[in-house]
Every structure is written in structure tokens, then in C-alpha cells.
Amino acid sequence: MTFQPIKFYQTGTFTVGNRLLPPDTRTVQANVRRTNSLNSGHRACQGCGEALGARYAIDTAMDATGRQLIATNATGCLEVFSTPYPETSWQIPWIHSLFGNAAAVATGVAAAMRVKGRDAVRVIAQGGDGGTTDIGFGCLSGMFERNDDVLYICYDNNAYMNTGVQRSSATPPGARTATTAAVGKDPGNVFGQGKDVPAIAIAHGIPYVATATIADLHDLEAKVRRAMQVRGARYLHILVPCPLGWGHGPELSVTMARLAYQSGLFPVYEAEQGEVTSVAKIRHRVAVEAYLRPQKRFAHLFDPAPRPDVIAAIQAQADRNIRRYGLAGSES
Amino acid sequence: MMRKPFAITLDPGSSLANHTGTWRTTRPVYVDRLPPCNGACPAGEDIQGWLALAESGDYESAWRKLTEDNPLPAVMGRVCYHPCENACNRAQLDDAVGINSVERFLGDEALRRGWQFENPATPSGARVLVVGAGPSGLSAAYHLARLGHEVTVRDAGPVAGGMMRFGIPKYRLPRDVLQAEIDRIVALGVRLELDAKVERLGETMARERFDAAFLAVGAHLAKRAYIPAGSSARILDAIAVLRSMEGEEKPLLGRRVVVYGGGNTALDVARTAKRLGATDSIIVYRRTREKMPAHDSELEEALQEGVMVKWLSTIKHAGETSLTVEKMALDDKGFPQPTGELETLEADSLVLALGQEVDLSLLDGIPGLEAKDGVVQVGPDMMTAHAGIFAGGDMVPSERTVTVAVGHGKKAARHIDAWLRSTRYAKPAAHAAATFERLNTWYYSDAPKTIRPMLDTLRRQSTFDEVQGGLDESNALFEARRCLSCGNCFECDNCYGVCPDNAVVKLGPGKRFQFNYDYCKGCGICAQECPCGAIELVPEAI
Amino acid sequence: MFQVRIHGRGGQGVVTAAELLSIAAFREGRHAQAFPSFGSERTGAPVVAFCRLDTRPIRLREPVGQPDAVIIQDPTLLHMVDVFAGLPRNGYILVNTGRDLAALGLADFVRERQPGRIATVPATELALKHIGRPVPNAALLGAFAALTGQVSLDSVAAAIAETFGEKLARANIAAASAAYDAVLAPRVEDSHAEAG
Amino acid sequence: MLKQVEGSRAVAEAVALCRPEVICAYPISPQTHIVEALGERVKAGTLAPCEFINVESEFAAMSVAIGASAAGARAYTATASQGLLFMAEALFNASGLGLPIVMTVANRAIGAPINIWNDHTDSMSQRDCGWIQLFAEDNQEALDLHILAFRLAEELSLPVMVCMDGFILTHAVERVDMPSQAQVDAYLPRFEPRQVLDPADPVSIGAMVGPEAFMEVRYLAHVKQMQALELIPAWATEFHRTFGREAGGLVRTYRTADAETIVVALGSVLGTLKDTCDELREMGLRIGVVGVSCFRPWPAAAVAHALQRAHHVVVLEKSLAVGLGGIVSQNVRTSLSGRSASVNTVVAGLGGRPITRASLARMIVDADEGRLDPLTFLDLDRAAVGRVLAREREVRRSGPIAERMLLEVKR
């Protein structure tokens, strides 16, 4: 088959694969020889967004480092479903220590590699939003502040899923969890709370901070690659929908992540040395309702007593993101 | 080897032992669906198939794929009214894929590069007579030849092409293009005999030992309508006018030409008249624009070129320099009814374009053949009531377009081939339709259609140069890549990428994928994120 | 075993004084144990440090309750803290002051004790003169060597030398020597007087 | 080489001789001087290669050590008191994962009320966290135990805590004999981890283990720690050969051969006890002292053997199991089960209260004459607590006892 350089290949832009693109511009996930860092047989729920996000990120990191990679893992779904004795799904050297110390353990591993002169070996710390934005936040901030040579990846599914969907400081306003009903007058999470950890990471002035979702693989892989080109503390915040905790069909995990981005509720951007350097413009913007409706955790906003006021407040948040990060004006 | 502590330290990837497929309640399966373009093509082209090949820039393979169904892509790329584009799902996204223009590009590319058809399979020894060298006959001849049969094409006319030559003006279909595609069919070993009218079919077949015949003589007899006319009134018929355009003597139509009728032929004549120098070229049609059988694109082009139309009008009387026209009104059933309101229209000549009839004379004396409403009756296998004699094109009941005719030729050829081998050709069952709702259009870039260049109006009014230009290589490629591949896997790797359990196996280029049901938990993300709707979820039998 | 208790205020180098003394004794081949009255005292607060000297290894870890000598780095403590607690009649007393003990209101206290076991020295003045900062500890150790003879001035100087940087060491040693002489001088006169 | 040096600096120098590759530093009194001194050595380049990491908490300190150790580096840190409690979760993790980390605990009380002075409440609170716990009697032993600890930890793949009394030892300047680098290198082999994070041979460390295997994992942890009971005496002997002095061992006895009353204790108070013992023997009392240098694993047999002839056993503790009494006492009793000897618990020196010869002598005489309460608080201000309790009885009211206690003590 005669091959020629591509000016336009419509599915190459957004699908996982792009058979007509030059091999070096294809995604790792499209490759038959991809490493499957998180192997089949793990015990994640059907349609688990975190399982997807973890494989996307770690496969890319393995590819970028020639498999010279060690990962530390906070307690949480990812750890529990990937390594129940007697089986592990990980293909890389991996350690789980505690809920709140993944960043610090990674610092230790990185220090060991440095002291042994094994600079080729790179270290990733990973955890869910609970282990990152709540209980592990001290260690995370410490690792940032020392600028240790660690990439920390937060797989954000907006709540403590491993323990049965309790509120975390990453739970969005209006979202219902097992513990949000207790606070505030509405069943959903109260407004004006929570932590913007990517912004806090940027405030540390670390070399690289980025957000991504499992809905745009090309973007996610590019960010992991960029992160692995940089030395020092790096932070990648990936939105990974959870069918169980969000109450959507297992088939919708990728779609929900995409709607979060399309609605502007989850801004996708990159920052280097404390400055936002690039944003993913929204392609085909949607109203937040399109994102909220399919999720049972937001059902109380629609039924039995519709809450246009709350939905408007959430929309206002999306609009603020779009203004703040300049997400409007899509290129396709 | 390290002395691993019991239970807390584990070997890599050992979870493969855990077959999570047992969790599954629904299972994903790969399906193929019938894309609307293919479904709508009268010639039965695998449009999506050849577009896919064109997408990768492999134009020769694309052309070969195309010509498996249609030997006349350069012609079709010009004269087809492309129902495929009207059906294209992309129209609901931005604009339909410019299938017709890509087809024309491939056809022209083939002519430019001199690509030839592969020579026929092993000769079958069977002899088939094709009567009529129009689109239907040529198509049948082509397919029969490729099936290994010895084909003779006989046509009454001096040149091959039938209506493609005598019905379609050259500004729509340049003759060199037509001729080149005919020559390529002949080069397959088809015997073409011109100025050879078949008078008595039965005898001819018996005498020359033809095992089967395919009749495609078309419809060349102009329908007449009684119009009271003065002796000096100049009244011509459209077919004659268009045919004479192919000869030395150009028809004399005068400065003010009136064409009576509403079909494509009427438009062809009116536009031809313009080009021959008529100041006024007026079409008189008894109904409204909505009811006009001619294709709107043709009408548009005609109007651009200054052709005028009198809607809801009939001609009551034709004089030497003028016509009497009566205004009509549509009744509640939508039929035009006379109003008695008359007006006069200046005209040097009146051309009647009221449709054509078939010359059935060659069927005389063939037992069993029946003609109804002036056309030959055939079965679903295109065979007439007389075994071994098949018919197609304008002479059988159907829409009279080149594309339909080509389709008839292919269909007939398949049945003739089966009949000769005394079997029956069974059409493979069609897949379910690939509807727009099944697509996940997020994954397709926004890319509006490429518009083909048009000749400037001035030259369109004065010359017979081709009106519509073609696409160049780059924008033909662009256009091909706008195809959504509705309903059929095009190996975008989405399913392979989005499976949280690595339960999709990639089989390599052209081989697509398969599911590993040992690990597939049946979450359905693959189906949800498949851009073209080629994955279906079916409940597991429990 | 010879036990010393040093009273002073945070910032006056009380703990360092005890350490220096222990190092001086160590250099003379003896066992020594110096330790502060542990705490988080800030500058200015009363501080106590201890030092034990012995020819055998020292196992005892209790604070010094019955000192053989007390060093008072700051006379303002005299009437604040019971600096003489547990001090036997024949115990040594060294006070950092330029005035005589009567002036400090210790006339009666002194009367009951052996004159040869009590000394005053203007350690802070000497420190300011030689070091430029009011840290009397080195000077007091010089005086202590003269008063008790538990360690030699050379050992004190050596301890100072190994603890401080060269320049600072030289200044402290100068202060220590000056204090040593200041304490020794009047004794010599006394002895002449007796002789005479 | 003989030196007159502060205990913290002596320990720092000994640790440096053990060539740690990663050191986690977080300040807390009275441990701070140790990591400071190590920091100076890293800065000066006399300790290299070594990563000195200023962490943000004790929890992080232990976590960084866990990561470093799991990646095959020799890891060290030091802490005390609240710091030890703040890393408690990580302590269990380090031992559970079998990571040979060595840590100095400069023993200090636990608040509230906050108190920076010495007692053993901190390390006693972690006695069951799976770490080996060694207690130092003086600074010489403190530094020797660290050398031994690294070897022990790496041989068993278990973490080791070296406990030394805060301030009393850490801040005491006294004579120590500092071994040479050559001696330490000869005694302490290169670290060869039992398990290591290495891309060349990937493993998953720290799996989730369910009911089907958890018991077995814990049982094996116990068996592994118990192995130290054989190794420690053997290595104490070898240590003696290499360095020419006693160090480590399980228990140390002093004049116990004919002793009727034996005082059992841990750490620096043993010195004072021995002096007291000598005094009382001059008065004709048959007193002995047993020092427990290895508290975890508990050397049951060795303790039983050391106490076999005693009529009265006094366990002198710098910690209190509130609601029970003695912690060490409970361990001693398990060693003496089925024996007639009385076991008294004497809680002493809490929060830095000086333990004096005089008080000890009085207490021991009482014990020798069988007059000692089963649970005695040495030098307790009975008047003060009496007043508080009396008032408590009058007005039932909750609130900070500590504050009112201070008032009472002042009056």
C-alpha cells in the first residue's frame, strides 16, 4: 500500500488509533506492543475509569522511560483492586505503603535511586483524590516544596469510592455522597468548599503541573511524556469517572469524562514553573446539565423537586472556569 | 532472585490467573452494517469500501474496488445524480461526503494513468449477445466478460454509448472521457459491432449460437403529443435535437426557443439551445418546480445560465413565430387543471421533451416475451419470460438514469452467469442499516465539504466546455477522509484503547480486532466509544 | 568524685562551661560527665549545668544535689535561686562579680566558710575586655582552675581550643588566663602576709 | 579512639560510620542534635554518598525511609515522643513490609500535658509495632547499639529502634570510645536487601492480604522477630571480639549472683541504680540489678534466668500503663510465671523527674523488707495529689487536671 504524509485525517485527531498517521505520532494505547502496565485480571468494577487512567498514564511513562520506572501507590481502590494476594496486576516495580504517604515513599525511592547513581530510573507516586487531596496532602506538599524528582498522579473520581462513596475535598458542589447529606441543607455537597489541588501545586512553583481526563488520550499521553522530560516535582491530575460512585452506566465512563471537559466543569490545562502555559479549548461546548443528568449523584437536582438554582450555580462555576482559563473558542 | 516475603510481595502480572470474564452479563460483539451510501447506490457500489482505500491514498486499489461494480467511474462521477450523497449520514453532521467527486477523481485518475481491467478469468466457453451499447449493455458486457464469457455487443448506432452520448450534452459529459471508458471495456475482449441493428433476435441467436442474450436497447422514440399547429410551425423533438448535436449538422433552433416538458432532457435541450446562441431559451412545464421530475441541481445550473421556465403552463397552439400558452392551476389532488387563461409566447421553434418510448420491434416473434406500458417485463433476475433472454436499462420498468442502467447490467450479468452455469445467483443478505444514531460523532473532526469548481457562467452560455470541474488529488483525499465509515470497523483502535481490562485483541492492519472474553467484564465502553457503531452489546445467555 | 554545679542565665554559656570543664578533665585522663538541667529555657532564664569529675567511670545520672563546687555566673541569681543548696561547709564557691561579697549581701554567709574556698572574679568584665562579648564562662573556668586545682589552666585552654574556632579560642583563653591570675594573685599575697 | 563528646554527636558519628544512604530529618527535642550532626557530615562530604532529606513531618520521615529502604538504600532517621506517635502508622508498615530501617528514639514523655523531658512512654507505646527495640545504658552503648542495629536489621530484614534517654544521654557530654571506619566496615557487611524495587526484576510490594493468609503473615513476623533472641547474644560476643568491649546482648546482670532483691530497669537509670546497689551492699543488703537491653523481642528466658534466685523483684519503669500500672512489669511477670518471687512495679522519672540515689535506696530497702506497695510511684508529691483528689471528691467536674495540679503543687 502506497503511503503518504497526512494533511488531514479526521479520526486520527480524536480516536485512540490513527492508522494513517506516522508511527511516531500514534498513541501508546494503539500499539499492539503496549505494556499493559495494569494487567488483565484486576478486580476493578466494570467500566472503571481509574483502571483506564492508570494504564494510560503508566503505559506512557513506561514507554517514555524505556520501562525504567518505579511506582508508589496510596491506599484506595487502585491499590485494592490491583494487588489482592495472591495476584498483582502491575508489571512494574510497585509498592503500597499507606493511605497518606505515597508522595513521601516516592521521595524515598527517588533518593535511593539518586544515591545509587541510577538516574535513568524514574519514580511515580499515584493515588486517588482522597489519598492526594486529603490524607496525603501533607506529604504531597512536602514533596512539591522540596522539588523531589517525582511525578505524582492523582486519579480523581471525586470521592472515597473504596470505602463506599464518602465525600472528599475533591467532591464537587451539588454532588451527593454517603456523607454529604449530613452537612448543609441539601443532599448534595455544599458550595464554597473543596480544594483546587492543581492550582495549589502550581502555587508551589514546581516545574510541571497538568490536568487531563481519560476522554482525550492524545492529550493525556502528551502530558505524561512532557512530565517525564522534566526533572523535579511534577503533578498530573486526571479525572477518572466512577460508575459506582457517580451513578452512571459502566459504558459511560469515558463519555462522562468528556462531558466534564465539554461543560467546562473540569478545565484541562498545563502549567510550567507556576505559569499556565496551555489550555485545551472546549470543542463542542455543552451545558452542565448534559453532564449532570446521567449521574445519579446529581439526580436530586432534577427529581422530585427540580433545583434550577443549584444547576445555575454549577453552570456559573463552569462559566468561571471557561473565563479564567480561556477555554472557549474551540479548534477542531 | 530475591527472597520474597510471604504474601505481601508478589510476582508481576500474576493477575492473569483471575478470569474476570465470568462477571459479564452482556457481551460485546463486532458487527458490520450497511452504510446508507451503499444502500442507496443503484449501481450497488461498495462506496465506503473504495473510499476507505482512497483514504490511504491508494487510488488504484480504490478504483479497482469501485470498478468491481461499475466500469464507468469517470462517466458516473459526472452524470450520476448521486443518491448516495443524499443518504450520507455526514449530511447530519456538516455536509454529505462528496462521493461523486471522489468517484470522478478516481475515474479521471485511472484514465490519466491508463489503468486497465484485469483480464477475464478462465473462459467459460459460453457466448452472450448484448443488444445495445448504452450504459446497461456496456455494464453487462463488462461483467460478463470478467466472468469469462464471450460477449458480443451490437448497436444500431454509429458509435457506442447510447443515451450517454445521444442524450447527455457534452458540457456534462465530455466525449473523450466516455469513449475512453468504453474502449477500456472493449479492451477486455468484448466484441463491439456498430451500425448493426438486431432485427430478429431469435434467428440471430440460433444462427450465431448465442447461449444467452441481454437486451438493453434503451428508449429512443420521442413521445409525441398532439398540438394544433400552423403548417409553418417549427416543431422538433428533444432526442432528435440532442442526437444531431453529435453529428455534423447542428440543429437550427432560432433565437427564441421554447422547450415543452419537465424532465432532465428538457433542461439539456434548453441549455444546449442557449449554447447554440438562442437569446431566449424558455421551458414550458405544466406543473410546479416541486413537481418537476428533473434534478434540482440541473435546474439550478440551467437558471444560472439564463434558461427561463414558465411554470403551470401548457401549449395550446403553435404558430410560425409564436405559441399560445394556457395557464394551469393545481387542484386539491395536486393535478394541473386548465384555467382558460391564455397568453402568447414568441418562439422561433418548439422542442418537445415529453419522454421516450422503447422500440420493441426486435422482440417480434420471440415466444413468451411480454411488453406492458411500452416496456419489457422481467423477473427479479432480469430475465424475460423467455428463458435465456434478459433485459435491462430504460427498456424495463424502472427509473431511467445511467446509474440504474449500469446497476441493471451488473445484476443481469450475475444472473446470466448463473443461468449459463445452470445455477441460481443468490444475493448475499444485506446487513442492518448503519443509522446516524449509532455513531459517536465526537471522534470525527469537523470538516465541511469541498466544493467542486464551476465554469464561469459566460463560458457556460457560449461554449460546450464541461461545466463542473473535478477535485485535485489533495482535496479528493480530503473528501475521501470525510467518510465516517458508518457501521463498519475502520480500525481506529478505540475499542482496543478504552477497554479497562485489556480484553480487546488487536489483530493487525486489515485484520481488525477480537474480544478476549476471558477478561471482558462487559462494561460496554468499547461499544459506547466506537465512532462508527460497529460494536453491539448482546445479553449473555445465563 | 568531684561534682560542680554552675548557675547562670540562658545565653551566658552555662552549659558550655560544664562541657569545657569535662573536656579539660578528660584531657587529664580522668572521667567526666557534663550535662545541663535539661529544658527549653530561653535567653535570660535561670539555667543550671552540672559536671562530675572522677578517676573511675561515672555511672551516676542524677542531677548534682551535693556539689563540691558551685559557680555562679550571674550574682543577680544569688537571692533568686538557692544556689548553695547541698553545698557542704568546705565546698568551693566562685562568683562572677567585680564587687566584694559583702557588697552582694553575703557577708554573714561567707563568715562561716573557709576563706580559701571562696573567690570572686570580674569574669564578665574580662570577657568584654578580651572577647568583646559578655560571655563569662571561659574566664570563670580559668578562675575555677585557680580556685580548686581540679583542672590545670593548660587543660582548660586546651578544652577551649578544641571547642572554639581559633580566633574565638585565643580570646577565650586570654580571658581564662586573666581570670586565673586574678584569683591566684591575692592568695600569693596572703601567703606572704602569713609568712611575714 | 577516646573522645569527650555529647551523646547525640557520638551517636551521629557512629551512624555515619555505618554509611547510611538516606537520612530523613525532622526536628523534635531531644533528638535534634543527632540529625544536625549528621547533616554537618553530609555537608562536609565526610558522609557520602548520602541523601539528607528535610521532611515535613515524622510521618513523612518514616515514609521516606520506607521508600528508600524498599528501593535498596540503607535508611536512617531519629525521633522522639510525639514524633514517634505521629509516625506510628508508618512504623507498623515498615515492620510489616520487613524493611530494615534503623531509627534512634531519644526517649521523651508524651503529652498532654506537653513535656519535653525524659521517660519511656513514647517507645513503650510502640512496643507491639513489630520493631526490635534496644535500650542504651550510656552513650558508649548508645553508639555501639546503632552499629549492631544496622547489622541486626539487615540480617533479619526488620526495622530496629535504638532507644536512648532524652537529655540524660543525648545531651550528656562524656567519654566514649569511637570505633574506626575500618572496624565498622569489618563488622557491618554491605546492605543486601531481601526484596527491592528494581525495574530489572519487578515485584509488587505491599499486597492486600485477606483472612486466608493474614494470620500466617503475622505469625511469620513473630517468628522472624524471635530469631533476634538467638542472633543478639551471638553478635554481642562478636562485637566484643571486634571492638574489645561489651555491647548489646539481651539482659545485663549486676551483682545478681547472690541477690535477694533485684531491680529490673531499662536505659540510663541503670547507672544510678548500680551506684545505689553498691551503697546498699556496703550496708549488707543483698541487692542486684538486671538491665534489659533488648525489650523487643522480649528475652523471656534470659530474664527468667537472671532473676532465678531473687525473692523480691522490683521493676523500675519510666512509663505507666494508665489503668494497669507497669508495662515492663507485665513482661517480667510472664517470665516469672509459676515462680514465688514478688514482682513490684515502681514508676519513676516520668516527664523528667530526677531519679536520685536517695529515693532509690529508700525504695529498695522497703522492697527488700517486703514493705513496698505492688505499684509505687517514686517521689510522688502525695500531698499535692491528695489535695486535688479531695477537691475532686467535693465538686465533680471534668477539666484539665494538669492545670489544677500545678496550682496545688505551688501552694
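As written, the chains take the letters A, B, C and D, and residue 1 is the first residue of each chain.
Keep in mind that, in the parts below, contacts are C-beta pairs under 8 Å (C-beta built on N, C-alpha and C of every residue); 3 or more make two chains touch, one makes a residue touch a chain.
Everything numeric here is computed off the predicted structure, so don't read it as measured data.
Student: Select the chain at the greatest separation from subunit A, using centres from the mean of Cα atoms.
Tutor: It is C whose centre lies farthest from that of subunit A.
Student: If you average the CA atoms of subunit A and of subunit B, how far apart do the two points sit, in angstrom?
Tutor: 50
Student: Measuring from the mean C-alpha position of subunit B to the mean C-alpha position of subunit C, what distance in angstrom results?
Tutor: 116
Student: Averaged over CA atoms, how far is the centre of subunit A from the centre of subunit D? Could you give it in whole Å?
Tutor: Inter-chain centre distance comes to 44 Å.
Student: For subunit B and subunit D, what's the span in angstrom between their mean Cα positions?
Tutor: Taking the average C-alpha coordinate of subunit B and of subunit D, the gap between them is 93 Å.
Student: Scan subunit C for residues touching two or more other chains and write them down.
Tutor: Residue numbers touching two or more other chains: none in subunit C.
Student: Counting only residues that touch at least 2 other chains, which ones in subunit A make the list?
Tutor: Within subunit A, residues 82-83, 85-86, 88, 90-92 contact more than one other chain.
Student: Spell out, as numbers or ranges, the residues of subunit D touching 2 or more other chains.
Tutor: Residue numbers touching two or more other chains: 97, 201-207, 209, 213.
Student: Let me make sure I understand the interfaces: which chain pairs count as touching?
Tutor: All chain pairs meeting the touch criterion are A-B, A-D, B-D, C-D.
Student: Which stretch or stretches of subunit D touch subunit A in the complex?
Tutor: Those in contact with subunit A are residues 21-22, 24, 49-51, 53-57, 59-60, 63-73, 75, 89-90, 93, 97, 197-199, 201-210, 212-213.
Student: For the complex, which residues does subunit C have touching subunit D?
Tutor: For this pair, the touching residues of subunit C are 18-19, 22-23, 26-27, 31-36, 38-40, 57-63, 65.
Student: Which subunit A residues qualify as touching subunit B in the complex?
Tutor: By the definition above, subunit A touches subunit B via 1-4, 7-11, 13-20, 27, 29-30, 32, 36, 39-44, 46-49, 51-52, 55, 82-83, 85-92, 217, 243, 249-255, 258, 284, 332.
Student: What part of subunit D is in contact with subunit C in the complex they form?
Tutor: 2, 4, 6, 29-30, 116-118, 138, 166-168, 171-175, 268-272, 274-275, 352, 354-357
Student: In the complex formed with subunit A, which residues of subunit B make contact?
Tutor: It is residues 7-8, 10-20, 23, 55-58, 61, 442-447, 474, 477-478, 481-482, 490-494, 496-498, 500-503, 506, 508-509, 516, 518-519, 521-525, 527-529, 531, 537 of subunit B that touch subunit A.
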